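Okay, so chain A shows up in both of these, paired with chain B first and chain C after.
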Partner chain A sequence: MPSADVVVIGAGLAGLTAAIELAERGATVQLVAKGMAATHWAHGGLDVAAPPGARSPANGVARLKARGGHPYAILEPDLGPALSATFARLAEMGLAYRGDLRTALRFFPTPIGGLRPAAIVPVGQAPALEPWSPGEGLLLLGIERFRDFWPPYAARNLARQVWNPGPSRIESAAAALPGILELRNLNSLVLARRFDDPSWRAAAVAALRATIPGKGRWRIAVPAVLGLERHADVLAEAGDALGHPVFEIPTLPPSIPGLRLFEALRARATAVGVRVQIGFEVAGVERDGDTITAVATHAAARPLRISTRDVVLGTGGIGGGGLRGRRDGALEEPILGLPVAAPGSAEWLGGDLYGAGGVALESAGIRVDDQLRPVDPGGGVVLRNVRVVGSALAGMRYLAERCGDGVALASGYRAARLIAGEASNPSAAEAPGPARTAVAS
Partner chain B sequence: MTDVDVVVVGGGATGSGVLRDLAMRGLRVLLVERADFGSGTSGRYHGLLHSGGRYVVSDPVSARDCARENAVLQRIAPHCLELTGGYFVATPDDPDDYLEGFPSACADAGVRTEEVPLRELFAAEPLINRRIRAAYEVRDASMEPWELIDANHASAREHGSDAWRYQALVGVERGPDGSVAGVRLEDRRTGEQRGVSCQVIVNAAGAWAGQVAALAGATLHMSPGKGSMLIMNRRLTSAVVNRLAQPGDGDIIVPVHTVSILGTTDVTVDDPDDVRVTADEVDALLADGDRLVPGLSSARVLRSYAGCRPLYDAGEIEASDTAHHAQSREISRAHHVIDHGARDGVPGLFSIVGGKLTTYRLMAEQTSDRVCVSLGIEAPCRTADELLPGPPGARPYWLGGRLAAVEADGGGDADLVCECEIVTNSMLRHALEERPDSSIDDLRRSTRLGMGPCQGAFCTCRAAALLAERADAGQRPPEAPEPNDSLRAFLAERLRGAAPIAWGDQLMELWLEAGVYRGTMAVDTLPAGEDMAPTDAVG
Partner chain C sequence: MSFIDAADVTYPAFSTDNCIKCNVCTTVCPVARVTDLFPGPKYVGPQAQRFRGGPSPDATVDLCSGCGYCTRACPAGVLIAETNSRARARMVEQRGTSLRNRVISDTDLLIRFGVPFAPLVNLDAHMPPARWLGELVGGVHRRAAVHPFARRTFRSWWRGRRGVADAGPEKTIVYFHGCAVNGFEPSLGRDAVEVLERNGFSVIVPDQVCCGLPMISNGLYPQARRKAARNIRSLASYARRGYRIVTTSTSCGYTLKAEYHEMLDLDDPEARAVSEATWDICELLSELHDDGRLDTRLAPMARDLPYHPPCQLKAHGIGTPAMDLFALIPGLRAIDSNHDCCGAAGTYGLKKERWQIAHDVGQPLFEKIVASGAADAACDSETCRWQISTATGLPVRHPVEYLAESYRSYAAAAALQGAMGERRPR
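== the complex of A and B ==
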């Protein structure tokens, strides 16, 4: 019978981080996931904390932590080391990130001309966050027939944004790239794969260059399609050839920066010995009292039973499928049946789902102790060898607070250290008060 | 001041039918609608073109009307229909006497029906309840209300008449003898008012007819009957399925394009604008849906919506006119044409109330007949004989139709803006050329944009970008909504329909959509209002 020291369920940032950290510490790790993670929907930057008024990720974390009930109340000490480790392994896989916890949050322009606060982004997005110098214009450079990037719309909105200091002028243009005009329903992935091809890329970059208006200094924004596997090469060539700083704006799914992030971490996990199985839904678990002893997956021919000592649950929130709303108004955790803290169903969508504050249900999730073990409403540990990581955690609102990636990395990192025996009571020194209380009150 | 012979108030199917009918008889007619055409009850029904079978027991007159109009519409409006066919089935919960009486009631009302061997039913509809005891085939079809309304308007335009939307009736001008002399309208987007003189007003405001009558100094007691429906994420059946029982909750499944509509509740409400779907209604619909398709309640529900039936309190009207005693009161689903001249001292005001979408043309004909008599015009009705305008070689909808058209097309115009409903660039551009003042929600009614499983997650920003592009090119009329406002309004509108069914996969879909629009797009930071001055912070 196959066995592992740790079974990690879920292949998002949290699960992959936990798996890699554990494998690097010598554990045998089996990672199973039903499908692709929410990285494919997100912008590929690392949102650590940007609640209203925050000046930097660190400042945002401090604000969230002060509010109480937030996962950062116990995870904050792990955040710095988790980010450093992540940056290092991403760089090793050829995917460099810029920014850190102290970097000022600045406005990042979106494809419809919104402005979102960001600080830690892949190198391909980094020029967007450099301070604008006098006389520097923003050129939104689109691709003809690409349906998901709208330079004129973005330009007309960005020109009316309070963006201080912003570009001195904003213009839009679109380039006709070679050999794609006969394609149908062009999406990001098709374009990114084309950019991976060196000969096509040269012609495409030339076409982009020919579209740049003659005079002045520009910072050029293109849709985030500059290559998937050869992104670093594409970025370097585009920067050289266009003669102006270039950055990518992430747009509708599939998110190419998200795919790059996911692929880099998955490759890293495989490289350090994690057995990665994606497309395998958990069929059930075996328990001995308050301990999970085995996890079974739906393999091709028959259920595959993996006995294990520890489990990391990184199946995501409502968007990822880790929490599931039931018709009767309950919110459930479908794999282990863990207790979920949620508002009453009548209040689920109270608020504004598309407004900055979001809705009440966004803070729902699984409450844990400082060892990341799930607890019941009374604070009692439900399963002793399960650690909950990422967006399934209660008390965070990853859209309103822009904190989902930071919580994922920090919780994945902490779960690994706890399982490896490095952090038996990690927050006692940092925060003696809430050390033993549940995360969400 | 514009001068017309007749002003029709209400841009649903009935008003649009009256517009066409009177225009074809040589009158100059103007239809005014307070919102978008077909945004009231006509756009909020289950999509069924009745065979008449539904009413053979409870209301044989309506049944006969439905059967006749069904045949008329199959002839004059093929492109607005899908000839799904339909079944009436007896589930174990349905009464024996209804089943036994059904065939002869159909024969009496002129509704064509034939018993179907259960083996054939189960082969044709594999998901249907295997405990069904009997089934009858009828000529049900599904009907696209917005195309139907559009075709009526196109026909009216060919005859020199017109229809204006977003025009609220705010006053009625009357002559010294109390007769109708004109209307005052207010553009609901600009606030601008204008007058239109006319001799006749046709009140085709449906569930809102009482409000229109009151503006003209007449009284009309409407009793709006809210009907709620659920959209299931795929076609659960190929044909319409009705239950062999008195009309009740959850008694029908209608396949409409790529989805199925599960209907319908009936709740009397005071305000026809109160079309919230309650949790109780959702539960009732799903429980009854399970009787037709077992397991339906655990399938994915895309959306809920409700419309208000234009029911009126016939007894009350009769009582005020003819002193019938109170026991004669009944809320009728049949339609009635009311001449407010003798009744309320408002000559020139006619109301058409009750009825159903299937009989819209007949209702329009009967109303137009009365209007023509009052004006001394003898031209006969021709709406049942002349085909409604449609695309060349118009044929009924079939499931692969849009895809085939897109495959045959090429270039950027064939690129999909809405994958779920196969809405292309050229379809949207064409809709905007026809009606340049359209919001994204108006475009939904013209093209079905955003009506599929993702409920606008991808196409909303694509459509907003198209509106913005046209605005930059000077093609946005001043009354049209600003693109950002239109985008926000559409997200909010889609959410209203999702909220009552926000569980399971559809809740997950909402979260992914919120993730895209807030997380990646920062939609909450878009500037509002076209006229906002650029800030000096830029530059």
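== the complex of A and C ==
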């Protein structure tokens, strides 16, 4: 039977972070995931905390922490170090991010012309968050026949938003890019891959430039398709050629910024020795009392058993499949059968999905102790060597609080330190651990 | 588990209802990566599936190479590649298929006629005029990777071997050699037998025919079912008595393990027993090593070795056991290609209308291997080996061939040392 020091279940931000942090500390890590997704569905920025009224991610965290039962009550000390470690390793993989916990939350336009608060974003999205100066207009520059980004529609909606201070005027245009009109299949991925090709890129950038209205100062928003593997090159070239600041607006899944984030972290994980196994759905686990001794995954003929010392559960919330509604109206955690803290099914959808408080169901999840171990309603630890990370945690509202990425990074980081024996009690988390090998920094 | 829950996860057509249209599958599809002709797994899979009551709505599903990346990436558990394979079979049932597809998928037939005339046929296979003719008349691309026929089949060699005893289920391996070993690469079969015997197993080779995968890939399910039935008839009695069936082809292995059930609906206890008894050879050897039972007296082979884990291996869900085995050979540094697919996909890359797609899919892999400066490369699946070898000009071997070579060198060195020791004057 193959063995690992740690089996990480889930290939989202939380699972990947935990796996990388552990491998960097010398552990042998197997990361198994049913599929990929969390990153591919999201905008590629890092939402730490933006509940209504928050001025910055740090301020948002403080507000959430003040409310009882939020994962940040445990995780806040880990957030800063987790973010710096993530920034460092992403930069090393050629994917720079901007902003930090103290950056002011500002509005970021969505592809349908909504506004969402953001502070920490990939460098390709950063110009959107610069303060708007008087006389500066927003030009939504689309690509003809690309159905996931409709500039006139977005422009009309944006004109109706309360965006103050925002752009002085909003206009839209679309460019016909070479060879694109003839394609049978056009999605964000096709365009991003085209932009990776230097010769096509030069012609495409020229076509984009030709559609810019003659006068005035613009900030130009394009759909987030500026390259996949050569994103940094594309960004630099587009910025130079267009003569105005340019930023990307992430479009419908597959989100290219999310894909870049996933690929950078996966490459990093592989480079530090994590075995990343996608398509490995957990079939069951073997226990010895309150300890998991092996994780079994579905395989073609018989389950693959991996013996392990520790388990990190990063399977996500309801969206990611980490929690599942049963026909009898209860929520279950399908892999380990952990107790789920959730409102009664009659209250699930109480509240406003996109409003200030979100819906009650959003806060459902696994309750943990300060070592991220799952606990029962009485507070007793259910499984001693399991750490729960990311959106599976109870008490967070992914949509309403925009805290999913911050919780994922901080919990992944904390789980790794706990397993490596560096943070056996909460106060130790703030001091650098003795065994910390400085691979990332 | 209720009937509906069970159906959700095991029957491809039902699983398509779980699709949430997130397009993650499209991001990992090697074919959609290189051609605009293929709209991607989501469109030809769960999307088109809703219209598949009557005549097939969309022929582009035939561009699916069956690599299975979509199924493994899907966060919602949709069996996309399996749905596509069934859709193609349905299309072939409704519209028929070419003589070319029937011929290239009938490997038993090819071997029966190819091996006796090997010198002639092999010469033909490397003469440009013959290849042009083959493309024009036969629809097999002139640059496609075709492997020369063996002069003598593996089974013929095996029959000439004497004194092989059945040592009971624990100590005996039932070897499923597959068509590639039988008609094209018998030396791999001999190496596999050698490696198994070195580890204390008896090897037996019962009656068997092509696993049927080439037919499944070409939508010829009824023909594949006939092959499957014969194999199951022959192998089930061993499987039920606890023998392990071992393959050196990740493709045949996956077919025995999963496709008889997933594609061909062969779900009886006999088919189940065969599935559960089947092991990939690297999976078995790596398991032996985990249990401390693998002979690790291996001689050094100091070099960097590019290794491409084939798509079919990934479908097994066993990781990359070959990497663990390579690590046992002193000095051998295997480097995972980290590339999705070589493009061959069995018979896909042979077809004149598919060759360019297949080549483009594998191109980054070929470039990587050539750039590494390595003198050879490794891969567990035959048509992938031939595709990579044709494109790079390098020999590409099965992982077990490296083990066999390393065992032999060790034994030779030990023998030499022994002989020297005896002669050394006191």
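For this structure, a couple of remarks:
Here, the second predicted complex is superposed on the first by the 418 of 441 C-alpha atoms of A that agree within 3 Å, B and C clash if a C-alpha of one lies under 4 Å from a C-alpha of the other, contacts with A are read in each partner's own complex, and residues count from 1 in each chain.
One rule holds for everything that comes next: a residue touches a chain if its C-beta (ideal position, glycine included) is under 8 Å from a C-beta of that chain, and two chains touch if they have at least 3 such contacts.
Only a predicted model underlies this, so the values are computations on that prediction, with no experimental measurement involved.
Contacts of A:P253 after superposition: both chain B and chain C are touched. Of the two partner chains placed by superposition, only chain C is touched by A:F280; chain B is not. When the shared chain is aligned, chain C comes close enough to touch A:L189, but chain B does not. Judged by the touch definition given at the top, the superposed model places A:T211 against neither chain B nor chain C. Once the two complexes are laid over each other on the shared chain, residue contacts for A:T103 go to neither chain B nor chain C.
Between chain B and chain C, more residues of chain A are touched by B.
Of the two partner chains placed by the overlay, only chain B lies in contact with A:I112; chain C stays clear of it.
When the two complexes are overlaid on their common chain A, residue A:R156 makes contact with chain B while staying clear of chain C.
Once the two complexes are laid over each other on the shared chain, residue contacts for A:G321 go to chain B and to chain C alike. Using the contact criterion defined above for the overlaid structures, shared-chain residue A:H40 touches chain C, although it does not reach chain B. Of the residues of chain A, those at positions 41, 184-185, 253, 321 touch chain B in one of the two structures and chain C in the other. Chain contact summary for the complex, chain A toward chain B: residues 38, 41-43, 47, 110-116, 144-145, 147-148, 150, 152-153, 156-170, 181, 184-186, 250-253, 255, 317-319, 321, 324-327, 329, 348-349, 353-356, 358, 399, 402. Chain contact summary for the complex, chain B toward chain A: residues 286, 297, 412, 414-417, 419, 458, 461-462, 464-465, 468-469, 471-472, 483-484, 487-488, 491-492, 495, 499, 502-504, 507-508, 510-512, 514-527, 532, 534-535, 537-539.
Of all residues in chain A, those touching chain C in their complex are 1-3, 34-37, 40-41, 183-185, 187, 189-190, 193, 253-254, 259, 270, 275, 277-281, 297-302, 304, 320-321.
Residue ranges on chain C touching chain A, taken from their complex, read 22-24, 26-28, 32-33, 36-40, 43, 71-77, 254, 257-258, 275-279, 286-287, 290-291, 314-319, 324, 338.
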